[in-house]
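Attaching a single structure in structure tokens format; questions to follow.
Chain naming follows the written order as A, B and C, and within any one chain the residues start at number 1.
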């Protein structure tokens, strides 16, 4: 177990360092002059070459790529995300503010996804091939095909414009989170429904189940104690992938609903070539990914102890 | 009490795989149900179990391989508790220690999952679990074919000893008349979904009447050893 | 003649075969018996050249065994064939691959020897009985006339009657075709009835090698006596007083 965790941590380290170097390089080599972009963002006006050169020196863009990278990485090793060259403020408080909008949204989307997909999959598998099953599969396919930005706009049109039940733009009250959470959550639900459905159907085909029925064990216990754990294995795997889907969707949804979360934070930072901000988001995303994958791998070992056993 | 069943039959995708069959199983009897693969003997076993259970009898079933009897994600203790509950017995009220000792698996760790035990021990655990509620009948469907011969022989011997002081009748389903010959006193021979011959074991071994029984009897062992 | 001398196989840090030495003359049958995990399948893989031994030699008449292309008959007859090809297509694969001249007459003779109707070859593996599928597996092994055929638990998927039937067909064909047979099995009854010699493998070592008669009547080691008594208890061998 300890050995396995060490292996996973090593993998996490490789992922983290790869991600940070790669994004730093992409940003460094992006077309256009970064110093110009930073100066524009900072002063909000067209500027003379002297000012731009001054900014270049101040921010350290006249150094080589690796010098600049180490200059950023050094403080990070002591958990210091540094200062933004654009705003002149430390990165962490701004990032924390963005996180405080994004993480609750991510979790409520996942909750919506699970709340919709689990009952839907259970209904669908009551009678495989029946009308409810076919309806659920069709709904899930449709859900997968609809892009988040379109669904978001439709929801705004319906609940904010026509019915005026819910606020559309901003993030000042918890009610503001409902529509974005629905937008993301329904997308998550679509793919989860299919996975849970096929997981349940496959688990029902386990060769030992007929013997359990002959032993007189009631259907309810069989479903809860023997089908569900086997069905959970593929679902756990897919939850990790869902998180990737969520992060990608969050950027879009936050922009649509005008929420000042990580997505908006990242888009602005890229436009302004704000190295410190972009890198902070990348490190954070990579950390979340690594943590989630670690959690999934560990969950696996609990759900299915055969994994990780050498001679099972 | 003697178990009687009449008119058992089975049809699968339009084909009759079991023609109407009538059986009588006295208590403590040792019956062998033999036939070639595809003769319908396993089907008869399943239909028999379902019929008797529906009529309120306590019938236990031991499938061919422990893989068909145990959930790899659940501990042995879980399986045991679940089997007790299925019979309406209080947890821990059954004589697990006695059964385990009789089947020589008292060393098994109940916290482990099936694959933490050897296959022979798993199969004996399944047999122990089948005997929990002192069933009227235990049906064993090729109980040794997934085991190594030494383990298989030990398992069958322990089963005979364990059943000795009980009222449970035994139905041994097998394609191997040699295996059944030493363990049962009555034989029933199946061929193409029909029970074609039944009688005392010695009679069928020495004087088989039908084609199926003759073939099984002639091929029951590889070689006779003078020892 | 197949000669295996001081064969040693390691899987990771574990030694799965220790100093195995045995020989099998052309046209003869050697049965390798032992419980699961004793190393029987590893031995087959080593003889086929599918894994690299960490010590010792395997040779057929002094040359590496793969030069004579030994054939293999597998345990699960249906799984041994590509399910979407007809049996005929599967059988023709070694013929095409090794550029063999196969006459219709020889195919007919082999099919007759295995009691297989010729039209069965146009079916797919799922459309024939397990016993028939296994006999087609043997046909595929025989088709290139290899001097050595390896059988990995060839009978364990069959019922008792089909086992004896198939074993007799293998023996008869061996008499006609003259191949050497190395049979891995856990059924001591089969080994005693059909092999010239029996090697007992236990935990990667050879416990005993003897000709089958000696073995059945008077095994030397305690373990081999246990094996024989189990075979008697399961009815594979019959003890006549």
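Note that in this section contacts are C-beta pairs under 8 Å (C-beta built on N, C-alpha and C of every residue); 3 or more make two chains touch, one makes a residue touch a chain.
Going by UniProt, the chains are A = Peptide/nickel transport system permease protein; C = Peptide/nickel transport system ATP-binding protein.
No experiment lies behind these values; they were computed from the predicted model shown.
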Category of the chain touch graph - line, ring, star, complete, other: line
Furthest chain, CA centroid comparison against subunit C: A
Centroid spacing, where centroids are CA-atom means, of subunit B and subunit C in whole angstrom: 31
Separation of mean Cα positions, subunit B and subunit A [Å, integer]: 53
Distance between the centres, which are taken as Cα means, of subunit C and subunit A, whole angstrom: 55
Touching residues (chain side subunit B, partner subunit A) in the complex: 46, 49-50, 53, 60-61, 63, 67-74, 78, 82-83, 85-87, 113, 115, 129
In the complex with subunit C, residue positions of subunit B that touch it: 36-38, 119, 144, 148-154, 156-157, 175-182, 215-216, 219-227
Complex interface listing, subunit A residues touching subunit B: 206-208, 210-212, 214-218, 221, 225-226, 229-230, 303-306, 309, 312
Of all residues in subunit C, those that touch subunit B in their complex: 35-36, 129-130, 158-165, 186-190, 192-194, 216-217, 226-227, 229-240
